[in-house]
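Presented sequentially are two complexes of subunit A, the first with subunit B as partner and the second with subunit C.
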Partner chain A sequence: MKKVGVFVCHCGTNISQTVNCEHLAEVAKDMPGVVFSTEYKYMCSDPGQTMIKKAIEEHNLDRVVVAACSPRMHEATFRKCLSGTDLNPYLLEIANIREQCSWVHSDKNKATAKAEDLISMSVAKALKNESLTPSVIPIHKRALVIGGGIAGIQAALDIADTGYQVDLLEREPSIGGKMAQIDKTFPTMDCSACILTPKMVDASQHPNITIIASSEVEKVEGYVGNFDVTIRRKATCVDPIKCTGCGLCSQKCPAKTDSEFECGMSKRPAIYSPFPQAIPNIPIIDQTACRYFQTGKCKICQRICTADAINFEDQDELVTIRYGAIVVATGYALYDHRDKYGEYGYGQYTDVITGLDFERLVNASGPTMGKIKRPSDGQEPKTVVFIKCVGSRDATKGHEYCSRACCMYTAKHATMVRDKIKDSQAIVFYMDIRTPGKNYEEFYLRAVEEYGVTYVRGRVSRIYMENGKLIIQGEDTILGTQVIVEADMVVLATAMEAQPDATEFARKLGITFDQNNFFNEAHPKLRPVETFAAGIYLAGACQGPKDIPDTVAQAGAAAAKVVALLSKDEMTTEPIIADVNINRCSGCGFCVPVCPYKAISLKTLTERVHGSVAWGPTGREVTRQVAEVNKGLCQGCGACTVNCRASALDLLGFTNEQILAEVDAL
Partner chain B sequence: MTNQPLADNPNTSGQEWDPKILVFACQYCTYAGADLAGLSRLQYPTTTRVIRVPCSGRTNPQFVIRAFQKGFDGVLVAGCHPGDCHFATGNYFTRRRYLLMTRLMEFVGMDPRRFRVCWISGSEGPKFQQVVTELTDAIRPLGPNQKLRDIEPSVIGGISR
Partner chain C sequence: MKYAYYPGCSLSATGLEYNMSSQAVAPHLGIELQELPEWNCCGASSAHLQDHTLALALPARNLAIGEGLGLSLAIPCAACLSRSKATEHAVRSSQETQSLIEALIDRPYTAAYPVKSLLEVFIESSLDILQDKITTPLTGLKAAAYYGCLQARPTDYMDMDDPEKPQTIDIIIEAVGADPVDWAHKTECCGNSHPTSYPKVGGPLVNRILQQAETSGAECIICACPMCFANLDMRQKALGQERDRPFNLPIYYFTQLIGIALGISPKTLGIDKHFVNATELLVQKGFIPKAESSAKGGLA
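After this line comes the complex of A and B, so read on.
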């Protein structure tokens, strides 16, 4: 026989003024299973809790119902009170007779009747409660940061500085990301490389950071505290230990191809480092460009390399490493206007370039040594037109969202044109000017007032060539007139978008993405760097378009979360999770796709069955599939329970039986 | 409640009849919203009994059917707004499941107005008050739920259990 004790709280007069507490304590005595009931002014107070503890002892109670304020207020308090006794804290139920009764009703009779119903529901549920124990999982004290842009570098440095080991994984041959390609940064105009490269060097020299370049995530298994990540180190054909970084091979390599880093505006050899300050500063062989790999003849680099570092037999390698926490910092890609914006020439005009191309054009170590020359003929352009929101805020051709950085970098670019080219003209076509950052509006005003950049509000409808000039046809929506501009070069502020492989990558990690394929934070305001997967955090533009200051701030926040997790030796998980009754489970697998946390998988079960004489006394061995819930991943939402056709899945703490008991109680 | 005579429609007896409505509220949004209504002392009819569930996606249609069987006059399933689910996608399941639920109710001949799914966030105390008040007003003219209700032995042949 189960023995329930009911404790009715007055909450001063908060409850008792509209609910007759003495009456409730009286009628509770007659509810099924109840052996003791009482009321008190403040149940949550010390004397109140002592009263509960004493009653448990004196009346041998094995279930407790407290009728008081919302469980969101004091469930934890009363669970703690129970753990001070022989009872398991999950044998408690709370009837919310304050927030959802006394405070919202004024008719004392009706409110008391409702409170009585609420208590009987809680008693009915409590009778079905079982002891639950949280499981303890160890935390492996090593972090993985995926993506070596400014976000990943900052997060890795911040984690490493607190003493934990960090691996910084980058799929390109060097860390640095887009920031390495940028010339100067708004709003201060300090040189991007001058603030980025020292951080790259810090990361490479930090005793707690290991940079794993030219590598990608192959597979992620496990859960918070214990992720087993399989990393694919791509064959680079250069032994990173032997290579001294002398660069002789790159100088002598006869094969040339477009440089990705220079946005195709100059060539690089097949054996290359993407840029002079690359870290790690070890070249790799691009097999698609290498003469040896394409024709079977060459190997000049191998002959010339004094360190004997070149190995044409190099193969991809898979390694599996365990991590306690993961930071995703995979950044963004740029919208490709070429196949979509027919009116801007589908990319057929060489002098219609993108913002990132422009960054390389003005960079002192770029393809033109920092002199702004247009790609077609190397002439200095006198009239440069900038078009904003290409692929942003354009739901039909591109994305609905605003890319956030383009207003600012376009102001930056236009300023540079005016600054570097005498008697030049910089004309910006815009929809709106958005400058929501510290010193951003001032920066834009300077472009207009000090540098004389012309801003025209309106969309450009067409670009075409006439007599060797680019003709830009648009409208000025303020004056309500057509505008036609003859220009030497056009710079498009193309949208920042999610990486092309973002969704596939997210599925590998078990994190979610939004309608634009940017990764989802767990809460848009209150949990901006967490994901729905415990132990996986976000930093930088992979979560949504953002500029460098916001990226760095988010990276620091993600690092703080990682450190908070790694500083514990183990963590306890809520025991309110899904539970499979393998005797009922038919192995249909319908629950597997429902779980937002990928917590359910099918496993093969081998068991002996008896029942036929033909099988002999030992029975027969059969194997079948059953669902298994990973305790580290399950967050206890219960979605899977509803999908289970065999009723084999249940949610501990909110079982079908418990909920139906509540329904039936009235 | 179940011992109320089945055939009587209290609406005809002159005094105002109060339906009983069972609410499944997800603990992160709607339950918090209901608590907020309390904190703000927003008054609403005493017609509801709330069952707390971790996520609206936990509400098995079976629970809803059982509630009608047991004589509840209305059922409300309420959770976080689409896109705001604490568990990412739970309420999308709720939405899909309950479109079907409404169809099922029509099929078995129950008034679908007795059943509602809605999204109430933790900051929407006034919305909780409004939904409960409206639902109560909508169910009142329908009278007590007779259909699907457990048939009481007393009605069949006077044999009591």
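After this line comes the complex of A and C, so read on.
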């Protein structure tokens, strides 16, 4: 005879204000199998847990039902409590009378009746619960960091410093990401390159870091501790081992195309390194621009290369490497205002530029050598207008969310205009000013008070050209008037958005993404760098818009999680996984394609059955196929169990028997 | 193509030329305009300030009569168009609204036949025919297309053109052989009734548009709304006096422009009825003979 104990939690007043907990503890005593029941203010607290342990001992309980909050909140807590007793932790059952009862109801009588039902269901299930034992999987001690921006570099360095091997994967020819394009960084105004490039060098020289540039993830298989990642090394036509990085090829290359790094404001050769401090400092051939690939003639670079490093026959290459953990640090893209904001000219005005364009214009190694010149005619702009929230906080044309960094970088840009151009005027149109960071508000105030930047609260409704000037027409909502400004240049603070291929990439990895295509963290507050896929972590703006300090902090956090995982030789896995009853399995294979984690395969079984034929030995040998579940891959979703025609598949901890017992109790 | 033509109140008064030219041009281009029988006021500019339901019910009655005839409404006036499109949209998006409106107008209305602006009708069905029928290509005429506020807004239900960079009138200007100028104020507000009722506010609005058109090198402005037309045509004299330099920018409806290209007499198109002399420019450019210009030279 099984003995069930029921423990009803008040959760302060969270539960008790709409559910009569004392009454529940009383009626639970009469439920089948229950030998003990009680209630307490905070069951998750130390005295609460002690109460459970004591009751188990005193009343010889062999099943425990805790009626409290959602199992997502405290199931782990109470399982841990049970593991300190003789009971197997999986003999615990949680009745969720908070999220699914007290929080969503107001009528106390009805809510109490519902809570009673929930408890009786849990008791019925608990009676059918069986002990479960976690299994262990080995952990391969090598990490992959995808994306070589500041997030990826920081995560790789932090992991490598603890002694583990890290591969840093970057699809561009160099690591550095968007931060390499930025001139100065708020709120300290230190030069972006001065703080980034040393980190890039550290990464390239670190004995535990391997930089894999010009490469992308092709396929991800396996599971936590044992990911098999297939990487596509794109054909660069330059042998990285032979190349000395002398740069002669780039100097002599006759083909020119727009430089991505300079936001199209200057040209680069077809064989190029994106910027002088590139790491690895190995050029690649852009086949779409290369004269040889386009016309079949040229090969100048090959002729002049003293190292014989140019190989026009180079092909993409696939390699598969095993990793224990993965950090996703794929960054963000910038919102393209050109096809959406007709009122700002649909991108037809050359002097209406983006914030990133401006970074290149003020950068000493940029197309204008750091002198702010407007793109149309190279003149120094005297009046520069900044427009914030272009594509951010604009559900109609862009995104509903705030991009978080624009208020600060616009203050920075406006300061730089006032600092670098004599007699200049910097006017910022804004909706709100958001400066929630250390020394951020002070930075903004300095722009206004010391540098005399003009802030106008209101949206710009239109930009048009008149007599060679950009006319900015907007509203000052504080004065309640229309504003018309003649400007020489306009800088748009365009939104940070998810990479265009974010969703496709997420599916490759088996991680989830939100309504804006940013990757989902496992919990917005308590698990900010984990994903729902064990062993895959997030760093930087791929998870949501972020500035550099937050990105670096998150990268460090992701690295800590990776190190915690890699520091173990093996890890226990959740035993709530699918289980095959091979006696019932017909080998139909319906479960194989249904499994989203590719955890089920068919195996051949040879067994002797009774009955024989005259010319053979006693008993017949039968060969048949049955399903087999990979315990490392199975995430316990249950998709296969409902699909199994023979009911041969059961989800341990949620077997058909257990679920139906709950239904019967209702 | 046959349409139920809804002239609205303006086209028998300030927008008479729009009516004359539309009626004169349409048959040449295979467009049959049958005036909607027993039409009523669309309610524009007053009904929707008073009562939302009334603002929907007034145009709904017209639309329902059109639906009874099995015809789409073709609407020349931008304000009538806006109100009718708003009604169509409201009925399409809510069963409840449809029942309410049907009860009020005491007839069925299912929004089965899409409301069209006259501009849309011309763009959709007559551009090819137009090319064959042009007798007087308007070569060398620099024209500024002016759309005003309502032609492509609000975007929820005015889906025929880009709200920031509309093209339809420019396409017609090109089709008749003239040169559309690129200018900034295609969709700026003309002030609606303010230039008349409150010139201190309305005047500068019209002034900005005229100035821009002038600066961009336009010789005339082409529009598709009787309100815009009245403001731009009527105010030039006063605004010219204010700045001590007269404006001389004839305003034409796009239908008048097409009419001239088809060789229809300016008088039939109502070109002699404008405040700003609209005949002179056409004579200068050699699009019409001088004799016709002597008839009447504009009212201002």
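Following the convention adopted for this analysis, the second predicted complex is superposed on the first by the 461 of 666 C-alpha atoms of A that agree within 3 Å, B and C clash if a C-alpha of one lies under 4 Å from a C-alpha of the other, contacts with A are read in each partner's own complex, and residues count from 1 in each chain.
Definition applied: contacts are C-beta pairs under 8 Å (C-beta built on N, C-alpha and C of every residue); 3 or more make two chains touch, one makes a residue touch a chain.
Small disclaimer: the values here were computed from a predicted structure and weren't measured.
Asks: For A:N467, using the defined touch cut-off, is the partner it touches subunit B, subunit C, both, or neither? Pick first, second, both or neither.
Replies: second
Asks: Does the superposition put A:Y346 against subunit B (first), subunit C (second), both, or neither?
Replies: second
Asks: Quick one: is A:I582 in contact with subunit B, with subunit C, with both, or with neither? Answer first, second, both or neither.
Replies: In the superposed model, A:I582 contacts neither subunit B nor subunit C.
Asks: Quick check on the superposed pair: does A:L356 touch subunit B, subunit C, both, or neither? Answer first, second, both or neither.
Replies: So A:L356 meets neither subunit B nor subunit C here.
Asks: Once chain A of both complexes is superposed, is A:L118 in touch with subunit B (first), subunit C (second), both, or neither?
Replies: Once the two structures are laid over each other on A, A:L118 reaches subunit B alone.
Asks: If you lay the two complexes on top of each other, which residues of subunit A touch subunit B in one and subunit C in the other?
Replies: In the superposed arrangement, which is not itself an observed complex, subunit A uses no residue for both subunit B and subunit C.
Asks: Across the complex, what residues on subunit B touch subunit A?
Replies: Those in contact with subunit A are residues 1, 18, 20, 22, 27, 31-32, 34-35, 37-39, 41-44, 46, 48-55, 57-63, 66-67, 70, 72, 86-90, 93, 97, 129.
Asks: Okay, in this complex, where on subunit A does subunit B touch?
Replies: Residues 70-72, 96, 98-100, 103-107, 110-111, 113-114, 117-118, 121, 512, 520, 532, 576, 594, 596-597, 635-639, 641-643, 651, 654, 656, 659-660, 662-664, 666.
Asks: What residues of subunit C sit close enough to touch subunit A in their complex?
Replies: Answer in residue numbers: 162-165, 184-185, 212, 215.
Asks: Okay, in this complex, where on subunit A does subunit C touch?
Replies: Subunit A reaches subunit C through residues 341-343, 346, 464-467, 471.
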